[in-house]
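Shared chain: chain A. Partners: chain B in the first complex, chain C in the second.
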Partner chain A sequence: MVANLGYGALVITFLVCLFGIGAAYYGSRKNDHAWVESGRNAMLLTWPLLTVSALSIIYLLVTNHYEVDYVASVTSNSMPFYLKVTALWGGQAGSLVFWSWLMAAFASAVTLRKWDRDREFLPWVVIVSLITLAFFLALIIFFENPFLRLWQTPTGITTAMWQPAGSVPFAPSDGNGLNPLLRHPGMIIHPPMLYLGFVSFVIPYAFAIAALVTGRSDDRWIRITRRWTLIAWLFLSLGLILGGRWAYDVLGWGGYWGWDPVEIAAFMPWLTGTPFLHSVMIQEKRGMLKHWNMVLIILTYDLVIFGTFLTRSGVLSSVHAFAQSAIGPAFFGFIGLTFIVSLSLLLRRWQELKSEARMTFLLSREALFLLNNLLFLSIFVVCFWGVLFPLISELFSGQKVTVGPPFYERATGPLWAGLLFLMGVAPLSAWGHSTIKTLGRAIWKPALFSFAVIGLLLLAGVHHPIALLGFWLCAFVAAVTLYEFWRGSLARHRRSGESLPVALWNLAGRNRRRYGGYIIHLGIVLMAIGIIGIELFQTETQGTISQGEQITLGNYSITYDSLSNFDTRDGRNVSRAVVSVYRDGKYVAELYPRRDYYYESQQPMTIPGVRSTWEDDFYVLLVDWQPISSQSATFKVYHNPLVNWLWFGGFVFILGTLVAAWPDKDPEPARVRARKTVYAAT
Partner chain B sequence: MADSITTQGGSASRAKFFVGGLLIVAAVVYLIVTSTQASAQYFLTVDELVNRSVDVRGREVRVSGAVLGDSIQYDPQTLTLRFTVAHVPGDNKEIESQGGLAEVLHAAVVDPSRSRLEVVYTGPKPDLLRHEAQAIMTGKIGEDGIFYADELLLKCPTKYEEDLPEQTEG
Partner chain C sequence: MNGLRIPFWITALGLGLATLVAGLYPPGASFAQEPTPRGPTEDQVNAIAKGLYCPVCENIPLDVCPTTACAEWRELIREKLAEGWSEKQIKDYFVAQYGDRVLATPPPRGLNWLVYVIPPLAILAGAYILFRAMQAWRRPMPAVKEVDTAEIGAGDEYAARLEEDLRRR
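And now, the complex of A and B:
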């Protein structure tokens, strides 16, 4: 019954989408506002309808309606309530509904804004959003229906929406349950964060297309969607960071990022979205790079669709065990079509989007931003090449050849270093006119500081050349960024007489975008420190020891104290070891690495014992033990220096994004006019 | 207003940017080409590996196969893991046409005529290693015809999105 309700709501939403697309199109062609308004109402109707559909799935999940195939495949009797609810995005069909629901929410929210000055955009924003939504709904209805039920026929079990002839309803007494590896708080909120990031990038794309169709060549579409882009970027970044944290906590290889194709798929929109965030500033400030921004947002939109597809289809071998599915061709068709249509729209408007200024100085702010764009795009090209290489090589040589993490590390390493360096130089450069001389005057103090840091590191015994280069870049960027805060607050303090802390607060508060950006840069520096620490200085060892014996790693050692084995009420058998950690011979902590065995899915899960400090993480895995005597056990031990800086940096990064995205009260038109007059004067 | 700025730069600055852009493109192409050469691995099926073991001896390759549950032996003293995998097709379309990955893996382990490969790996025993899992291994094949894996990835298609027909067999 509820399944029918949910399915019905999906079908009606799909029809509403089609109507909305037609109405908005007709309204914009005939200049008939009533039809456009009707299209907008269709858009607004999709969200409540999809809410009904999503709630139906949740209802079926929490009430154990195992006659529904999706419910049987992602939940089980022993799962707690919150996991049943979040099983909505535990499988492919459900997550597509969830995606669509988020998409409808965002698109509805944007159509509720005041459109007075941008009335001509409205129908096209509605059309683009509804086409995207309709595509996902069509996938759900025709290929991945979460409401399919199980039926017993004489030949076996089949799935169908309606009862096939000669069959009886079939309901298993228990479901398969969610993979234990995914039962982690990070994993429960990681997919929604990524999806939020994905869907909110549709909004700037919709406005970009609206601008191309209507022929408005100013930067209005960028100004309207600036905050949406930042929010998209915020969620995408958060999703990526949470995914890394999940891998670190759960996967038990002491790492956080494996250059897995699915990870890269989620990372690629970030790699095009980040340069977009930077280069729109050049369009706003100087009226340049208009074509480029269009290309970036079109690329980001199609990578979002591609990312949704890759994370959900398993076309590429990956630790992410997602199912193979029939929706591949549909996705590629849609991506290809939207890409070609968007690019041809751009070509039609090419002349109208000419730059209002030219770049003349290689060291000007805009040239450095362009370089930053090129480096980000280069990393994107490397990733894209790596993901597609097996397919390309198979096409040309008939032999599947893959590239692994060493490829990505080697090819992107120098590019990341270049980006870090630019983060140090660009904030000090000036718009328009900037030379070695002007730059040198601003840069020497932070540069001096960064060399002093390297001197200290050398004295402290760090000799790894790549680490030294990395730490130098980090010190340089941190110094430049903090120096910028200092210079700004000092100038404010002198001018207005505010105390320094107040001046700092007001400075950041009045220029949230700029100083939020700097906070993000600081977050990146902290993350880079953590990444250098774990990537270059991670050490590991393993060994089998009896009770009372020790394993030593560097200046740490562990002693195996005891092991206990017990069943829990939620269907696990837990083997938990107790180990004491010593540092330089002194007792510092007791850790409990354990192995949980899930009876129902017959799968073990290794949970590390971790002692975490600013300096390092000491990470102990229980690998194996003697079942009867529990006399000896095998441990794998990792020493991960500085890894906490990565997580803390992620936190600072998110904080900075929030600062930059916080609404400000400055009236926009005043700023637009200010730019026009400045450049009219030159 | 655009013109007044354009005249400042002229063709000299245009050339400057053009050369700069070319340099970046060349650097990226160089990075991609050399990194691909340095880390490309042939992705082979068990059949291909067994038939071409002489060609690829000493070369890093990737191979995927279906794990035979009975063959899994683990020595926790030395952390040595031994198991055998059976041939599965490498082509996605072929897998699809044979009823999906779960079916293909199942068919591979019950068919004694499939070519098989003995694997040795040193390290913790992965949680997902079990009967009918898909193992994706990176490593080299030895003189003895045993595959020495440095890296072991496992995929359990039956866990995450399970097709139900299996349940009816019981």
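And now, the complex of A and C:
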């Protein structure tokens, strides 16, 4: 019954989408506002309808309706309530519904804005959003229906929406349960954040297409979507950071990022979205790069779809699995179609999008931003090709290959270094006009400071050349960024006599995008320090020891104290070791590395015991143990220097994005401001 | 300006630096484990396993893969090491058994060359396009009047630019 309700809501939403697309298109062609308004109402209707559908799934999940295939595959009797709710995005079909629900929410929110100045955009924003939504709904309804039920036929168990002839309903007494990897709090929040990032990038794309179709060549679409883009970027970044933290806590390999195709799939839209955030500023300030910004947002949109496709079609495990599933070719077709249509629209408007200004100085801010774009796109190319190549290889030579971390690290390392360097130089260069002389005058103090840092590091015994280069870049960017805050507030302090903290506050408040951006840069520097620490200075050892014996790593050592084994109520068998950690021979902590075995899915999970400080993480994994007596056990031990700077940097990064994206108060009407000036003058 | 001899940006950086140095020092780089009479150490096995991928579990290096199959593979590496095989011999053995996919990066031969050639080519092409575009932009053009700092006074150039930037945000 509830399954029928949810399915019905999906089908109706799909029809409403089709109607909305038609109505908005007709209204725009005939210049008939009533039809456009009808399209907009269709858009607004999708969200409540999809809410019904999503709530139906949640209801089925929490009430153990195992006759529904999706419910049986992602939940089980022993799962706690909150996990049953989050199982909505724990499987393929449910996560597509969740995606669509978020998409509908964002698109509805944007259609609720005031459209007075941009009426001509409205139908096209509605059309683009609804086409995207309709595509995902079609995937759900035709290929990945979460409401399919299980039926017992003479030949076995089958799934169908309606009862097949000669079958009886079938309901298992328990489900398979959620994949243990997805039961971690990080994994519960991480997918929604990524999805939010994904769906909100549809909004700037929709406006870009609206601008192309209507032929508005100014930067209005960028100004309207500036905040949307920042919010999309915020969620995407947050999703990536949380994903890293989850991997570090749960996957049990002592790392946070493995250059796995699934990770890269989510990373690629970020790699084109970030240069977009930078290069739109050139269009706003100088009226340049109009074509390029279009290309970037089109690329970002299609990468969002491509990312969903990579993770959802099974293409990564095998090209042939992709060819057999219906969902893969559908995705492929949609990506190709939207890409080609968007690019042809852009070509049609090519002449109208000419630059209003010229780039005359190679050290101007805009020229450096272009270099930043080149570097980001280069990293994107490396990632894109690295993910694609195994598929191409399998397709053409039948040989599967692995493109693993060494490839990405070697190829992107120098590019990241280049980006860090630009992050240090660009904030000091001026829009339009900048020369070696003007830049040199601003740069020498931070540069001097960064070299002093390297001197200190050398004295402290750090001799790793790549680490020294990396730390120099970090010191340089941090110095430049803090120096920018400093000289900005000093200038205000001198002009207006405000105290320095007040001047700093007001400065940042007057242009939150600029200073929020600088805070983001600081976050990146902190993250880079953490990454250099763990990537270049991580050490590890593994050993099998008896109770009371020690494993030593650097100046740390652990003693194996005991091991206990017990069942939990949520269907796990837990083997939990107790180890004591010593640093320089002094006891510092007790850790509990453990191995959880999930009975339902028959999967083990290795959960590390970690001692975290600002300096390092001491990370202990329980690899193996002697059954029954547990006299001896095998531990893998990692020393991860500076890794917590990565997480703290992530926090600063998000804070900076919030500062930049926080909505402005309504600016004072111009009339009021003018009157004030008159009073002040008299 | 009195009483502000050390700007806050230097203080903040100094504090950060102190923690950083503490984190890296003393560098715990030494492996304490010594070879036991029983044969190769687990670290020696892991060092080789790190560069191998099992054909079943996707994208998980062999040294950290928790499955039983992978544990058996590690055991196999240990046996081979005990027999005196080199790292290269062991890797070649795995490639012969399970194909190129067990290696962390494709061996540079045949079609695999593409994986190493395409990205640099694409990046160079991008750089070339950017270079040409910049050349085109630098051709003489009607002067665009920028922030006129002279009016405000040369000494206050930065403040003027900042004001201008903030005004035009």
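As a convention for this text, the second predicted complex is superposed on the first by the 645 of 682 C-alpha atoms of A that agree within 3 Å, B and C clash if a C-alpha of one lies under 4 Å from a C-alpha of the other, contacts with A are read in each partner's own complex, and residues count from 1 in each chain.
Just so we're on the same page, a residue touches a chain if its C-beta (ideal position, glycine included) is under 8 Å from a C-beta of that chain, and two chains touch if they have at least 3 such contacts.
Because the structure is predicted, anything quoted here is derived from the model rather than measured.
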Next on the checklist: By the touch definition at the top of the document, which applies to A:P261: first (chain B), second (chain C), both, or neither?
Outcome noted: second
Checklist entry - Can A:G307 be said to touch chain B (first), chain C (second), both, or neither? => result neither
Checklist entry - Which of the two partners, first being chain B and second being chain C, lies in contact with A:G244: first, second, both, or neither? => result neither
Checklist entry - chain B or chain C: which reaches more residues on chain A? => result C
Checklist entry - So, A:Q602: does it touch chain B (first), chain C (second), both, or neither? => result first
Next on the checklist: So in the superposed three-chain picture, is A:Q399 touching just chain B, just chain C, both, or none of them (first/second/both/neither)?
Outcome noted: both
Checklist entry - Just chain B (first), just chain C (second), both, or neither: which does A:P427 touch? => result neither
Checklist entry - After superposition on the shared chain, which partner residues are touched by A:D69: those of chain B (first), chain C (second), both, or neither? => result first
Next on the checklist: Once chain A of both complexes is superposed, is A:R358 in touch with chain B (first), chain C (second), both, or neither?
Outcome noted: both
Checklist entry - When the two structures are overlaid on chain A, which partner does A:G571 contact: first (chain B), second (chain C), both, or neither? => result neither
Next on the checklist: So chain A touches chain B in one structure and chain C in the other; where do those two contact lists coincide?
Outcome noted: 252, 317, 357-360, 362, 367, 371, 374, 378, 381-382, 385, 389-390, 393, 399-404, 406-407, 411, 542, 544, 604, 606, 624, 634, 636
Next on the checklist: Help me check something: in the complex, which residues belonging to chain B touch chain A?
Outcome noted: 1-2, 4-6, 8-9, 13, 16-17, 20-21, 24, 27-28, 31-32, 34-36, 38-44, 62, 64, 74, 76-77, 79, 90, 92, 95-96, 100-101, 123-125, 127-128, 130, 136, 138, 151, 153-157, 159-162, 164-165, 167-168
Next on the checklist: Quick check on the complex: what are the chain A residues that touch chain C?
Outcome noted: 251-254, 258, 260-261, 285, 316-317, 357-360, 362, 367, 370-371, 374, 377-378, 381-382, 385-386, 389-390, 392-393, 396-397, 399-407, 411, 430-433, 442, 449, 453, 456-457, 460-462, 471, 475, 478-479, 482-483, 485-488, 491, 494-495, 500, 510-511, 513-514, 529, 533, 537, 539-544, 551-557, 595, 604, 606, 614-616, 624, 634, 636, 639, 641-642, 645
Checklist outcome for this item: Residue set of chain C touching chain A in the complex reads 4, 7-10, 12-13, 16-17, 19-33, 41-43, 46, 53, 55, 58-61, 64, 66, 71, 99-106, 110-112, 114-115, 118-119, 122-123, 126-127, 130, 133-134, 137-138, 141, 144, 146-147, 158-159, 161-162, 165-166, 168-169
Item to check | List of chain A residues in touch with chain B within their complex | outcome: 69, 72-74, 91-92, 150, 156-157, 159, 172, 176, 179, 181, 252, 315, 317-319, 321-324, 354-362, 367, 371, 374-375, 378, 381-382, 385, 389-390, 393, 399-404, 406-408, 410-411, 414-415, 542, 544, 601-606, 621, 623-625, 634, 636, 679-680, 682
